[in-house]
Each structure stands twice: as structure tokens, then as C-alpha cells.
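Below, each structure is written out as C-alpha cells.
Paired with chain B in one complex and with chain C in the other, chain A is shared by the two complexes that follow.
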Partner chain A sequence: MSISSADAWVAATAALCGVACGVPGVYLVLRRMSLLGDAISHAVLPGLAAAFILTGTRGLFPMLAGAMITGIATAAISSFISRHSKVPEDASLGVVFSSLFALGVIMITLAARDVDLDANCVLYGNIEFTPLDTVRLAGLALPRSFVTLACFASLNIALVSVFYKELKLVAFDGALATAMGFSAGIIHYALLCVVAATTVASFEAVGSVLVVAMLAAPGTAATLLSDKLSRILWIAALLAIAAAVGGYALAVVFNTPVAAVISVVLGAQVALAVIFSPRDGLVIQLWRQTSLKLRIREEDLLGRLYRRQEGRTEIEPPALRGLISWLAFRRLRRKGLLDAPGTGLTPAGSRAGDRLIGSHRLWEIFLNQRLGLPPDHVHDPSERMEHFISPAMEQELRAEFDGLKDPQGREIPQPERDRPAS
Partner chain B sequence: MSPISPITAPTDIAVEVHDVTVAYHRRPVLWDVDVLIPAGKLVAIVGPNGAGKSTLLKAILGLVPLASGKVEIFGRPLREERGLVGYVPQRESVDWDFPVSALDVVLMGRYGRLGWLRRPGPADKAAALKALDDVAMRPFADRQISQLSGGQQQRVFLARALAQDAMLYFMDEPFAGVDAATERAIIDVLRRLRQAGRTVVAVHHDLQTVPEYFDHVVMLNLRLVASGSTQEAFTHENLQKTYGGRLTLLDQAAEAVRRGGPL
Partner chain C sequence: MSDVFRLLTLQDANTRVVLLGVMLLGLASGVVGSFAVLRRRALVGDAVAHAALPGVCIAFMIIGDRNFIAFLIGALISGILAVVCITLLRRYTRVREDASIAVILTAFFGLGIALSRHIQQGGQYSGAGSRAGLDGFLLGKAASMVRQDVLAIALVALVVLLTVWVLYKELKLLCFDRAFAASLGRPVIGLDLLLMLLICLCTVIGLPAVGVVLMVSLLIVPGAAARFWTNRLSTMLVLGAAFGAFAGVLGAGVSAVAPRLSAGPLIALAAAAVFALSALLAPQSGFVWNSVRRRRLRSTTLVQNYLRALLELDEQRAAGVHSNAQLALKRAWSRVQLARAGRIASHAGWVAVSDAGATLTPAGQREAARVLRTHRLWELYLITHADVAPDHVDRDADALEHILSPEIVADLERRLIETGRLPALVPSPHPMGPTSAEAHA
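Let's look at the complex of A and B:
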């Protein structure tokens, strides 16, 4: 398959749409307002219809004006309803945007029956035909959608760069922003204006499904991949471009609708980000859980052997059932804590045991003396807690319960450094 | 810790709240409150839950509309004196998963003096780092804020207030849910602010520490119960008036206003 210039135009247009929507979309995600983007992108329809009815043209500027007015109206009406009634914000938003969208459909069919303003086109777009509708610019025939979206992508990047500080402050702490004189309300509605206008500019090219996906998905994935706002904005833009180009290529190969495939790719990006997020992705969580489990098993083995060594022969030697136990045993041996037959501890093993069992018994004393738990209640909680007592906590406990024996009357093992030389 | 540069307040009265009434959904939550807050003092606002303490702060800061009355900061309307005012909202009021570092949050304290469009420069960064130093949080400057403990988050908020270098601070429950070390760090900073001539007005919940921490107290329960030096106003009698049950008649009146008619 060769790449034609038409293919390149379609992919580039989709990528520009991604940048134009994805960058402001980050702020919607951060402010937990992604659904407002979805709502606005539908609710602008009556604004478009009204602009068309009033001006009789489908020119970009009347459309943008209509969209911005209805976009802001959506947010304002739904917050008015929820503020002045018992209707929750999400419910009022759901009602307002679906009613407005339906109203738009009616207005279009009534007033523009025989004109080419198609509700279906709004939903699904027709990005495949992008190269057919061109405008002449500086002697070049460029696809109209490409030019429009290039303008919006640049405009949105410029706005986000120029007002970076203000947007960040309002998104993080609106009350402080307002107290400082940056009105959170004005910035909020300005952001919604940008979203409404971008949505309309993107509709014709890509349809509202992809617009909604581009507003929500890149920002969502990017916030999972980084915890620095400036980097998140870059990552969102790059993910949107990658999804546009990759999605278009897949759509060509499988001969399926472009906007739909790109939306699916965007969803897949978010899924991958959920799995591989470096801070709290599923993979890293699993890894953390497994290493914790391994450490606890290791320490439990150590504790058992230590107690046997103390002469408590009623304790069974540890049975190595399961992979984790086997790995724990291997690690103890590799650290040089086990003797050759693997049934006792080396001097280094005993020292490690001193710390562990020391923490365990100190915690038993703590539970017994400070929390008033009876002696037969303190072993099990200490068995769990011994793995989490930091050296600092251990020191504090030692200072507090110096010279005491545990509730069963056993000595608290002293760490090596405190032992008198013998 | 470097000293906070001393400032002399322009007037003896930092805040004048004159006959202020605030209503949510028409229901009044503050009734005709008159308060004078002296400059250069640590001032506690105390009262039971739902007494309108946070609302009073927000009303002074212009964050909620006044149904009636007026507020003056150093003798002038707030909008002319915003630069003199610092604000520490309740810790739960912001999203601590937000992708910024502790230093970023403290730098936000400088935004007000920068105004629109200007970006923080090296001097602002230095001021922010110094503020982090003042609350012993410098080592955590680059830490993402969700990785901080509750007490550390509160200290970052306090550092942001310091970076604002305001003359008058409003703090909404700065001591809520913090560990003992953070509480000491906060009161230490408050005292240094007072020493430098600044005024701090804090919503406070722990009645036991009021006489130790604060010079002046505003006792609130939908209406002003008492306001004055801690010694004079923080009395058993006033505490009983503030906490000893709500005035049922006032509640009924508020409900009637909300409904637009008698019950």
C-alpha cells in the first residue's frame, strides 16, 4: 500500500483535531469535567442551527458564535438548575445537554429541511472526504478542515501557553485564584468557550464521537503517565497525534470508518496507561504487592528459625510450600542468613532475627501496656506489625520499654551494637 | 530560618465587618455580624459546626456574595487591597492528586503580585524555597503533592501563604487533622508573622489551645456572640452562649426566610 497525499491530508487533519481538543481537554480532565466537554459538544447543535437560520450561511464565524453561546448556556443553565433546586449537577447536565441536542435536531429539520446541514454528519463526521473540499491559501490548494483545525490547534496551544499560570491556579485552587483577583468564574467560562468553539471547528471534519474522545482520552492517559502539568500537556498532544496517525493507518488497512478507529485507538491508549502508569498502574501495583508478600514470607521464615534457635523446639521447621516460600528461602540463603543445611541461622541471620523478633516483642509490650490488650491477644497483631516497624520506630519503642520483658516473659533481643562485649 | 520582614500596618484595624448578612439559597447563615479585627494580632474564629466560620472568611474575601453589609480591609474595600491579603483554604478544598510539586504550589503564592501573564522568575522561586524552608519542607520541594502526608500538605499550604508575603492572612482550619510536629511548626510560623507585624485570622476548632495560641477571639454561632481580646471575651459565659445549643428561634427564622413564609 502506498501513502497518497490524500491519506496524508486526512491523517494530518485528524492529528490537528487531536491537538486542538486534547490540550484544553487536559484541564477538563484535571477539573473532573470531562463530561462537560461531551455535553457541550452535543449541546452546541441548536446554536449552530440558530446561527444558520439567522445568517443563512454555514460560514465558520456565525457557527462559532452560535456554538460558544450555546456552549456557555449549557454550563450556565445546568449549574443554575442544580444550584436552585435539589437536582444534582450531573443529572441537570445530562438533561440540559440531551434536550438542547434534540432541540437542535428539530430546528435543523424544520428550518433547514432542504439545506445541507446534516445531523448525521455532526455525529459521525466525514473525515474521509477532507481532501475534496479545499481552499486556496498562498497559492496552495489546502483542505478546508485542515486549515481550520491548524488554526484552532495553534490558537489553543497559544492560549494554554500564555495563560498557563492562570489556568493552573484556577484548576488547582479556584478560591485562592479568586481571592487573588484572577476570577475563577471568568476563566472557567473562557475555557468552556474554547472547548465549544474547538468542538464546532472539529465536527465537520471528524464528527462528535471523535471530538468527545479527543477531549477526554489524551488528557486521561497523560495524567496517568506523568505528574507534572507541563509534561502532561505535551504527552496529551503527542498521544492525540499518535492515535490520529495510527488510527487512520489501521482504518485504511481494515477499510473501516476512520473516526471510529481513531476513537478506539484512543481508548486503547488509556487502557495501556491504566496498566503501565509508572506511579499507580496495575503492573506496578502487582509488583509492589508481590515484593511485599515476598519480604513478609522471608521475615516469617527468619522468625521461625530464630525461635527454634532460641530453643523452642516445639516450633516446626518451616515447610516450603508454594513459589513465594521457595523464593523467600532462596533469598535468605543468598543474603547469607541461612546455615548450610538450611535449618538454622548464620550469625548474620541471628542479627537480622534480633531486629525482627525485637520489634515483634516490643510491639507486644506496647499493645499490652499502652493499649491494655491482654497477653493472649498481642501475638497475632504483632506478627502482622513486625514487618512494618521502621528503625526509627524501633528505637522509640526501645527507649520507652527499656529493660522490660515481653508479656510472655521473654527477653527482648538487643541489636548487636548494644550488646556488651563478651 | 530567616526572619519575616517587619511591616507596620497602615491602620490599627485590619478588618472591619459591618452588619454583614450572608445567605445560601436565601437561608441566612450569618446574621448581621459586626466584627473589628485589630492589626498585628493572632485572631481565632471559634464556634460549633455550621456556625458560619468559614462563611465569614469567604465573605470577607469576597468569595461569597453579601446579602447586606460591607467589609473593609485596612479601611478600604477589598478590591483595592487584594495584594495585602493572603488566604489558606481548608486542606480538603483542593485536589491533592493534582499534577504539581510542593514547590509549584508554594510558587502559586506569588501569582497574585505577578498579576496576569507574567511568569514567576528566579526571585519568586527563591522566595518560594525560603518559604518551604520556614516550614521545614525544603527537602520535599520536588515531591508530587499526593506523596505528602496530611501534615506536610498543610505545611505546604502555609508556605504558600508565606510566599504571598501578605499583611493580613485568613486561614481556614490550619490545625485540622495535623500531627503534633506540624501543629508546632504552624504555631511557630504564626508567631513569627505576628512578630513581623502581620495579622492572622484563623478558623480554629480546638478550644483548649485558644488562650495559648491566640490574642483575640471572635465567637460565632450564626450571629456574633462575642469578639475581643482572648482574656476578656473567651469566658465561660460566652462559650456557653456560643456552644450551648442553637437558638431555635434563629433557626426557625432562617428556615422561614428560605421557604418564603412561616412554617
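Let's look at the complex of A and C:
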């Protein structure tokens, strides 16, 4: 497959659409308004139809104006309904956008008697034909959608960088923003204007499905990957570009609609972020859980052998079976804490046991003396807590309860460094 | 005209089938949608409607023919899959519900579009009906409904009504207090899933009739409209079902008369009209009555404050005529407000307004005394029972005195008598504000 200039134009247009939508989309995701993109992209239909009926052309500016008005009206009406009635927010948004869409469909059917409403065109646009419709700019024949989206992408980036602080404040704490003298309402509606305008501009080029996906998906994936707003914005823009280029390549290979494939790729990006995010992806969560489980099992095993060495078996040892136990056993041995037959502790193992059982018994004393738990109730909580007592905390407990015996009358094992040299 | 007549008398067998189908569809979606609105799952229906497309395409690719039942099963499976994805994302990751709906919706729908294009291009599927069959899912074709479709819709409606009838109490509890339902040992997760399944069923069965985009309208608009009329779940369900059925019949009926307009958008517009009328006119919480009530309360408050101010001026200075300038010192009233208050009060025979100012009539004095008494009783109550400092009560008392019912006033008096704190004249517990003379001095 060779890359023609037409391919490059289509991919570049899609990428610009991604940047233009993805950057303001981050704020929609953060403010839990992701579905607003969906709502606006459907609700602009009557605005587009009205602009077409009034002007008789499909020029960009009448269309933009019509769409902006209906887009903002959607948000304003639905927030009015949810604020002044018992209809929840999501339902009022759904009511408004579906009703407006229906109105738009009827208007188009009535007005354009000869033109059949091409649902496919509305839904997934015709980005494939981008290179065919060109404008001359500075002596170059550039695709019209490319120029429009380039304008919007740079406009949105400029707005976000100029009003970065204000947008950030409103996104994370609207009440604080209002208290500090920024009007959260004005910023909210400015964001809506930007989203509505971008939606319309992209709508024509790439169709509504991709606009909705570009508004919601890159921001969602980026918020999974970082907690820092500036980084989230960068990641969202890069993900959107990657999805546009990658999706276009896949669409060419499989000969399928570009916009549809890009939105599938965007969904896949979110899925990958959910699974592999280094911060709290499913894989890393599973890894953290497993390693914690392994450490606890190791320490339980150590404690059991220590108590056996001590000659005390009255405490029922935890059940040690299964893969985790086997791994724990192997790791103890590799650390040199187990003796050769695996039934006793090496001197190093005893020292580790001193620390562990010491923490356990100190915690028992604490529970008994400070929290007033009866002596026969302190073992189980201590069994859980012993794994999480840090050295600093252990020091403090030792200093506090120096020389005492635990509630069952056992000695507190001293760590190596405190013992007199023998 | 004859078309309308034929429609109204249901002479056309095909029209009868279509109308019955959309009526049952509206009824079932109205009931399920009411629950969806209350449980804040309104846009799940939107996601399901979009996510059904890949299922339909895959069913088509497997069967290789237009088969209604196979389409429905495919749509149901991929719709449920989407709901499961949304639920899992919300539960196990930091992705919020709105974002997960948007992402899942577009990803599934994109996949569906890609598959449908694949089907249209593939030679092995180039049957004449294939393209129309899939395209019909986007905007719906209620007019092409046949007996078999209506039977399927009736079955779904029956399932919905039976489920709601059997599990009414559980679903009610789930919608209004999920935590309480869980603490009673009700299987809330199972109930939630059941509700989602019902949403999926209704959405999928309605897709061929009203289409992907507008199914959400039929699902949630009747329920949302019903919310304005009542606070009782049973009434809301009945109303939602009625609104849904009405919107369905009206939309499909208009479409039958004017076949160029497809039924889906007309049904959605009919539902929107019902919603708009409910939102404006419903007596409980419609916007019109609400604003009338608010206006009334505002003018009552204005007049009561006006009378109280006049009486307080009588108390502090001498009984007689008080000018607007003196009144304006008691409270931040605009000239227009004072004129309005004077107009209403003199209309009620409480004050006599002259160019020099206003003076209380005997009836006005009684009314003003009643208002003042309520105000001071409430102040005393706040001081004695709510531990509010004496210099903080005036404004709190001010906000509430207008809406205290006679029963509450009687109760306040009783309590204050019990504690021996009811003074005969109920003097003000705090020093009165400066009179105009002091303020000018």
C-alpha cells in the first residue's frame, strides 16, 4: 500500500478534527458532561435545517450560526428543566436532544422536498471525499474541511492556553471559581459555544458519530493515564491524532468507512487505558493485589514457623495451600529464611520472625491496654495489622510498652540490634 | 380528507396493525422509561439503541437474510453487552457514567457502521432488501410493521408489565432508596440488571419502528413528562404508559395520513409536545403554576412586610400617616415595590394611601398586628428553642413568618405559654431599628 497525497489529506483532516474536539472534550469529561457532545451533535440538526431553509445555501457561516444557537439552547433548556423540576439531568438532556433531532428530521423532510435525508451522511460524514473539495489558499489547493478544522483546532488550542487557569478552576471546583470572582456560568457557556461550534465544523467533515467519540474518548483515556490537567490535555490530543491516523490506515486496509473505524479505535484506546494504565489500570491493580497477598502469605508462613520453633502451637496457623502459598514458600527459601528441609527457620529467618511477631504482640498490648479489648480478642486484629506496622511505628510501640509481656503473657521478641551481644 | 377518515375509522388493516404496534410499544417503553428516569438510567437506552447495530449486522452476516427474530436476538445480545461494559466501567474504573456511555455508544455504533458497509459491499449479501433492512434501523420504518412484529412487541409489553407487576415493591424501593433496599436484603444488583434488561428489550423491539436515534425519545420522554404530574410511582407508571401510547398512536397516525413524513420523528415530536405541555401546565410542578405560586408568595410577603413596617412605625413614632421615605428606611424597598404594596394593601382595605403617605385602617391594624405577632413569636421561638442569638433572629424570622400556618402559630403560642415566655403584647425581643428621624439626625 502506498501512501498517496489524498490519503495524507484525509488522515490529516481526521487528526485535526481529533485535536479540535479532543482538547475541549477533556473539560467535558472532567465536568461530567461528555454526553453533551452527543446531545449537541444531534440537536444541531434543526439549526442546520433552519439555516438552510432561510439562506438556501449550505454556507459555513449560516450553518455555524444556526447550529450554535440550537446547540447552546439544548444545554440551556435541559439545565433549566433539571434545575426547576424533578426530572433528573440525564433525562432532561435526553428529552431535549431527541425532540430537537426529531424536529430537525421533519424540517428537512418538509423543506427539501427533492433531497432525501441521507442518514448515513449525517451519521458518518464523508471524510473520504475530503480531498475532492478544495479551496485555494495562498496559491495552494487545500481541502476545505482541512482548512476549517485547522482553524478550529488552532482556535481551541489558543483558547485553552489563554484561559487555562480559569477553565481548570471551573472544571475542578466551580463554587471556588465563583467565590474567587470568575463567573463559572460565563465560562460554562463559553465552553458550550466552543463545543457547539467545533461540533458543527467537524460534523460536516466527519459525521456525528466521530465527533461524539472524539469529544468523549480521548479525554476519558487521558484522565485514566494522568492526574495533571496539562498532561491530560497533551495526552488527549496525541491519542486523538494516533486514533485518526491509525483508524484511517485500518479503514483503508479493510475498506470500511473511515469515521466508523476511527471511533472503534478510540473505543479501543479507552479499553487499553482501562486495562494497562500504569496508575490504576486493571493489570497494575491485579499486580498490586497479588504482590500484597504474596507478602502477607510469606509473613504468615514465617510467623507460623517461628511459633513452631518457639514451641507454641496453640494458635491455629492460617491455611497455607494453593499457588500463592507455594510462591510464598519459594520466596522465603530464596531469601534464605528457611532451612534446607523447609520446616524450620535459619538464623536470618528467626531475626525476621522476631520483628514480625514482635510487632504482632506489641499491637496486642496496644489493643489491650489502650483500646481496652479483652485479651482473647486481640489476636485476630493483630494478625491483620502485623503486616502493616512500619519500622517507625514499631519503634514507637517498643518505646511505649518497653519490658511488658503480651496479653497472653509471652515475651516480646527483641530485634537483633537490641539484644546484648553474646 | 378521506385519508383522515379512513385512518380514524381504522378501515385499513395495515394501519390497524401499525397503530396497535406503536401503541403497545409506547405503553411498554413508557413504563420502563419511568423507571429509567427515576433510576437515572435515561441515557442507557440511547447507548443500547446505538449498540444494537453491530448485533444486527452480525446476525445478518450469520443468517444471510432479513430475519426479524434473528435481528432482534443479535441486537439484544450486543445491547446487553454494551450495558455490561458501561456497568463494569462505572464500577471498577474511574471512568464516570457519562463518559462510559459516550465511549461505548460510539465504539459499538462505529463497529456497526463498519460492518453494515461491509455487508453492503460484499457480493454474497447483495440481496435487494439487505440494504434497506439495515438502513431502516437508523431512522425506523413503522409503516412496514407486520403482524409478526406486533406480536413480538405485544410479547415484550406483556413481559414488561408482568415483571413490573410482580416486582413492583422491589423496583419502587430500588428507585427511591437503593441503600435502604440493600439493607433490607433485596438483591439490588440483580434488580438493577433486570431494569437494564427491560430497557434493552424495549429499545431493541422498538428500533425497527422508530429507529436508533429516536428510540431514546420514546423511552424517556413519556416517563419524564409523567414526573411533572405526580409524586406517586403507580400514577407515574400509568401516566407514562398512557403518554407513550398516545405519542405512538398520534405520530404513527399522522405519518399514515402524510406518508412522506416518517413515523419515528413524528412519534418523538408527539412525545415532546406531551412533555412540553406537562412541563408548562402540570398543577403540581409545572412551570406556569410554579411561577404563579411564586409570584403570589412574593406579593403576600411584600404586603405583609409593608403592613408590619407601618405598624412598627406606629409603635415607634405616633400612629398616623407614614411617608414612603420613612418606610424605605425600614427595608430596602424600591419605589415600584412600595407603590405595588400600597396598591394591593389599599385594595384589600388595609391602608389608606394619600400623597403624604400611607396609614393603616382598623382592619389593616388587625392584620398588621397578626403579622407582627407571628413574626415576634417566631423570633422568640428561635431564641428559646433554636438557640439563635437575639441579634440574629430578625432576618430568620423574616424569611419564615409569611409561610407559618395558623396551626404552627398556635403551637408556638402553646409552647411559649408552657415555658412561661409568652408576653401579653409580644414586644420585640431586639431593639428596633432607627426611625427615620434618628436616621436623619
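Assume the second predicted complex is superposed on the first by the 372 of 422 C-alpha atoms of A that agree within 3 Å, B and C clash if a C-alpha of one lies under 4 Å from a C-alpha of the other, contacts with A are read in each partner's own complex, and residues count from 1 in each chain.
Criterion: a residue touches a chain if its C-beta (ideal position, glycine included) is under 8 Å from a C-beta of that chain, and two chains touch if they have at least 3 such contacts.
Keep in mind it's a predicted model, so treat the numbers as computed, not measured.
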State whether chain B and chain C clash or fit side by side on chain A once the two structures are superposed. clash
If you stack the two complexes on chain A, which partner ends up touching A:K165: first (chain B), second (chain C), both, or neither? first
After superposing on the shared chain, does chain C or chain B touch more chain A residues? C
Considering only the touch criterion stated at the top, classify A:L176 as touching first (chain B), second (chain C), both, or neither. first
Look at A:L371 in the shared chain and tell me whether it touches chain B only, chain C only, both, or neither; answer first, second, both or neither. neither
Under the stated touch criterion, which partner chain does A:V274 make contact with: chain B (first), chain C (second), both, or neither? second
Touching A:H84 in the superposition: chain B (first), chain C (second), both, neither? both
Please indicate which partner A:L286 is in contact with in the superposed arrangement: first for chain B, second for chain C, both, or neither. neither
Identify the partner contact of A:L229: answer first if only chain B is touched, second if only chain C is, both if each is, neither if none is. first
Determine, for the stretches 5-13, 185-193 or 221-229 of chain B, which one clashes with chain C when the structures are superposed. 221-229
Under the contact definition given at the top, report the residues of chain A touching chain B in one complex and chain C in the other. 32, 84, 223
Enumerate the contact residues on chain A facing chain B in the complex. 30, 32, 83-84, 162-166, 168-169, 171-173, 175-182, 223, 226-229, 232
Within the complex, which stretch of chain A touches chain C? 29, 32-35, 37-38, 42, 81, 84-88, 90-95, 98-99, 101-103, 105-106, 109-110, 117, 119-120, 123-124, 209-210, 212-213, 215-217, 219-220, 223-224, 251, 254-257, 259-264, 266-268, 270, 274, 280, 282
Hey, which residues of chain C end up touching chain A in the complex? 36-37, 40-43, 45-46, 89, 92-96, 98-114, 117-118, 121, 135, 138-139, 213-214, 216-217, 220-221, 223-224, 227-228, 260-262, 264-269, 271-272, 275, 279, 285, 287, 290
Quick one: which bits of chain B touch chain A in the complex? Just the residue numbers, please. 25, 58, 61-63, 79, 82, 85, 87, 89, 93-95, 98-101, 104-105, 108, 111-112, 114-117, 119-120, 144, 146
